Amino acid sequence: MDFVGSNLACVRGNLEIFSGLSFSLELGEVLMLTGSNGSGKTSLLRLMAGLSRPTKGVILWQGRSISADPEEHFGQMTYVGHSDALKPYLTAFENLALWTAIRKPACTKDQLVKALDTFGLKSVMGKPAGYLSAGQRRRAALARLVSVDATLWLLDEPTIGLDDHACSYLFDAIHNHRKKGGMTVIATNVALPLRETQTLDLGAYISGITQ
Amino acid sequence: MDFVGSNLACVRGNLEIFSGLSFSLELGEVLMLTGSNGSGKTSLLRLMAGLSRPTKGVILWQGRSISADPEEHFGQMTYVGHSDALKPYLTAFENLALWTAIRKPACTKDQLVKALDTFGLKSVMGKPAGYLSAGQRRRAALARLVSVDATLWLLDEPTIGLDDHACSYLFDAIHNHRKKGGMTVIATNVALPLRETQTLDLGAYISGITQ
Amino acid sequence: MFHFLANPVRFKRAADLVIPWAQWLCGITLLIGFYFALYLSPPDYQQGETVRIMYIHVPCAWMALFLYFSMASLSAIGLIWHHPLAHLSAQAAAPIGACFTILCLATGSLWGKPMWGTWWVWDARLTSVLVLLLLYLGVIVLFKAFDDPTRGEKSAAILAIFGVINLPIIKFSVDWWNTLHQPASVIKVGGPAIHSSMMTPLFLVAAGFTLFSVCMIVLRIRALLIARQIRSLLIQNPNLN
Amino acid sequence: MTVFIVALRREIKIIVRQAGDASLVIMFFVVISVLFPLGIGSKIDLLAQVAPTVIWVAALLSVLLSLEHMFSRDFEDGSLEQLALSPQPLIVVVLAKLASHWLTSGLPLMVTAPVIAILYNLPNASLQVLILSMALGTPALSLIGGLGAALTLGTRRGGLLLSFLVLPFVLPVLIFGSAASNAAINGLSAETPLLLLGAILAVTIAIVPVITTAAIRQALD
Amino acid sequence: MTVFIVALRREIKIIVRQAGDASLVIMFFVVISVLFPLGIGSKIDLLAQVAPTVIWVAALLSVLLSLEHMFSRDFEDGSLEQLALSPQPLIVVVLAKLASHWLTSGLPLMVTAPVIAILYNLPNASLQVLILSMALGTPALSLIGGLGAALTLGTRRGGLLLSFLVLPFVLPVLIFGSAASNAAINGLSAETPLLLLGAILAVTIAIVPVITTAAIRQALD
């Protein structure tokens, strides 16, 4: 039991979105968060990332609450949210370089290029991110995953805007990540062709209590 | 031949993205724009909308160039782009009301509610758009389509962020639109379950000439 | 003609042809001009030798005004006829005009200290020239503020054209308001009113400055064209970085 | 015309819901006006002499700061695109935006300025001229500022760039505005500066909205 | 420490690539300083008396305007989230942002202020005090302003709200800053106001970054 959440509840505004939710994830596993629009997939992912705190319940990383030592948790994890977090006036390469600089100062230029190449961005990596198409920007955001080693990947609708090639790059990356013992949580609205995954349907935990 | 583009070329920055591209669309038809990320789907859709102008070629609406009388063209058309164009501090309902006000001042409250209901937003239409989930915001943007009558729908990756219910609402709406003789152009990276559609693969027109 | 030159290679060839000649001509004109200004012309009976600042100050002022007008005209041409070279030339002219404006302000201040007893007064002439500098800087900054140079060109062009209203204000500020600065005596209705021993060096230096500006602008256009080429090369082969 | 009114209501609704733009402008204006007495100390005669300038500078800055988001929010969230695709001429929308900006910045300033003037011990006789000069001057500020906002769309450099570009063009408004009040304080006729303010306003109304509209179209391209 | 330097380099790179923030701040500062003489007219003695205040107000406004995007761009495009999820303590990133803000606004202002002072005919002897007071005062402005920027994250009201919130807190800086220069102009000792400026700076350095960090965490929640 490496990444466990038990009896979680989440409140946004004055609405409890879900409650009594639990999950548990072991090395090499993939957890898919499904559920209709507004069921709380993004909210749960942000709890897992430590960006917000559950109103009830705890999330444990190797037995310790993630809020006990958040920096350690952050160091184990890569989160790719709805927004791509790219600066439009910096190139795709520079964006990735700046991002890795803070997590892994020793990252070499070759490693960065390789990460971008994994997502088929080699030919456009010199373009300012503002010029890229929506799908290219998404690819650049996802290239973070393979540029540093993190055990836990938290992905919020990663396939949005991606074409078939890019999707298969992503699935390959997830596959390799699993093989190396990594864990992955994916919030998604569309069925993804990944096998042997756990699924957590948020629809089952909707609470809807206004406080 | 109601909506025709012939021999179009498009330049962004100093790069020609595509050239020699033609399309033609008749009443009741659906045109799917496909092609890999960065192939120019969004760019073509913006040309069709009249937001930017082709560097070569013309786009005709019922035989007249759309740049001859842009306002008339805009009146026939609804464009839903990548961004949802919602003000976060206004409710979903207010957002739609403000949008229709400029196009169709006589739109009643019931019509607006009905449009939102078509996309399953009735329960959250009083929430500020900033509180909505990504998929709910996308639904609110799509509700524009059914709130006013426009012959031409231009949709840029409409299914992004939508769950299965919302997708089927959208496909129903497109189906009804076709039956009434409406035309639809959809830029998409994923295969959509719409039948009897034309497909234009942008990959075939990539030019890549730098100027 | 302009379209022909918009090709970087052709422009570079044309520039290589023109620049050496213009450079020599510029150097010689300036040398003769300064010889007249600093040796041949008489010192002023009131101001003494400080009057020689005039031979820099006044041509600089003229250049500042003239280059702004040229820049705005080029911008208008670019907006109306979409000449590829017009916006580029306007952008090339802006920093040079700004430098002449700074020189005009600096020499004016240096001259003001002995003449008026102060570096600076807030009168209409001086302020409007300062505003001219701000306009130059605005055009330069606005152009650079966009990721996409084609967007920057257009916005900067509109700004430059708007700024033209400042030129008549500078020119006629000395007539409309009572200022410390002296009114026009060279370029004015009814012909010049100063002695030819001062006129000759003034015009020689002004001609030299004009040639200098032409050289610089051509050089800068060439540089901008090459920079643009490098940029698109880098975008295509980021490995060159 | 009805389109204009619909568009105007849209703008005002958005501004009001964004949490009271008008009140913020006034508060900012008051704070800036207060800065000077604090820096200068209590030399009352000195204060009265610089008061018209201070009031005008404060008004200018308040307007400038509220300009930044005239188009940029709409640009960033995609609404401007939708407005540009409306079957109405874009200039109507632009005019509505300019008008709503003035209604929520220039107009409240005009009302507040006399209060500040009283705090600065300006003679009552000069208040009328102050209000009149503001009535003529602030719409010109909104118009010129709107053009600046349109020209800087997409620069991501925000208020600093915008203010820097716009300031040289609004200097005449400042000069004639404070000249009018200064004249009134010294018991002279303020007619000339007021006429000049009127002329500036007339010229800007005539040409600026058209150029602003063109600038917006090309920003969306 | 290395993390701080890495983070600082990130910030400065972003600011520089956004097209010369520092130069804009200076230019804005110069324009604002030009406003006053134009309004007041050429009464040289009057000008010299208000000069320190005007310079300080102009510096204040330049810093305030450049504050707006200290965190908000990163917040809107998702970068702030990523920074908050970095394995380094968030306060290091915040300190880097504050430092880079000062390096690209306060520092250039400090260098430009004497030039403006000369245009205003301030005596040479007072320039030293002016520079010193700016060296002590502008970092405090960046710190306090940074807190304001963090507190207004997500409000979408931009510079106006931020400036309005921050201004009351930076008044002491303005007051002691202009007091120092005024003292120097009149040949008095500027020691007390300078010491007070130093005290303000010390206190803000000690407490503000921590609060700013907390404010950012909760804005992301």
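Quick notes on this one:
Chains here go by letter, A, B, C, D and E, matching the order in which they are written, and residues are numbered from 1 within each.
Convention: contacts are C-beta pairs under 8 Å (C-beta built on N, C-alpha and C of every residue); 3 or more make two chains touch, one makes a residue touch a chain.
A quick note: this is a predicted structure, and the numbers were derived from the prediction, not measured.
Listed by label, the chains that touch chain C and also chain D are B, E.
The pair of chains sharing the greatest count of C-beta contacts is D-E. Shared numbers divided by all numbers used gives the overlap of an interface; between chain A and chain B this overlap exceeds half, so the copies present the same residues.
Note: centroid distance chain D to chain E, computed from Cα atoms, is 25 Å. The geometric centre of chain B is 49 Å away from that of chain C, both derived from CA atoms. With centres taken as mean Cα positions, chain B sits 29 Å from chain A. Between the CA-based centres of chain C and chain E the separation comes to 34 Å, rounded to the whole angstrom.
The set of chain D residues that touch two or more partner chains comprises 18-19, 155-157, 161, 164, 167-168, 171. Residue numbers of chain B whose C-beta contacts span two or more other chains: 13, 82, 89.
Counting only residues that touch two or more partner chains, chain C has 131, 134, 141, 145, 147-148, 235-236. Pairwise chain contacts in this structure: A-B, A-C, A-E, B-C, B-D, C-D, C-E, D-E.
Only residues 18-19, 21, 24-25, 27-28, 31-32, 34-36, 38-41, 43, 46, 49-50, 52-53, 56-57, 60-62, 65-66, 68-69, 73, 76, 155-161, 163-164, 167-168, 171, 174-175, 178, 182 of chain E touch chain D when the two sit together in their complex. For chain B in complex with chain A, the residues that touch the partner chain are 12-13, 35-39, 41-42, 82, 124, 131-136, 138-139, 157, 160-166, 189-190.
Chain A contributes residues 49-53, 71-72, 74-75, 77, 79, 81-87, 89-90, 94, 98-99, 101-103, 105 to its touches with chain E in the complex. On the side of chain E, the complex with chain A involves touching residues 2-3, 6-7, 9-10, 13-14, 17-19, 77-79, 81-89, 93, 220-221. Residue ranges on chain D touching chain C, taken from their complex, read 147, 151-152, 154-155, 157, 161, 164-165, 167-169, 171, 211, 215, 218-219.
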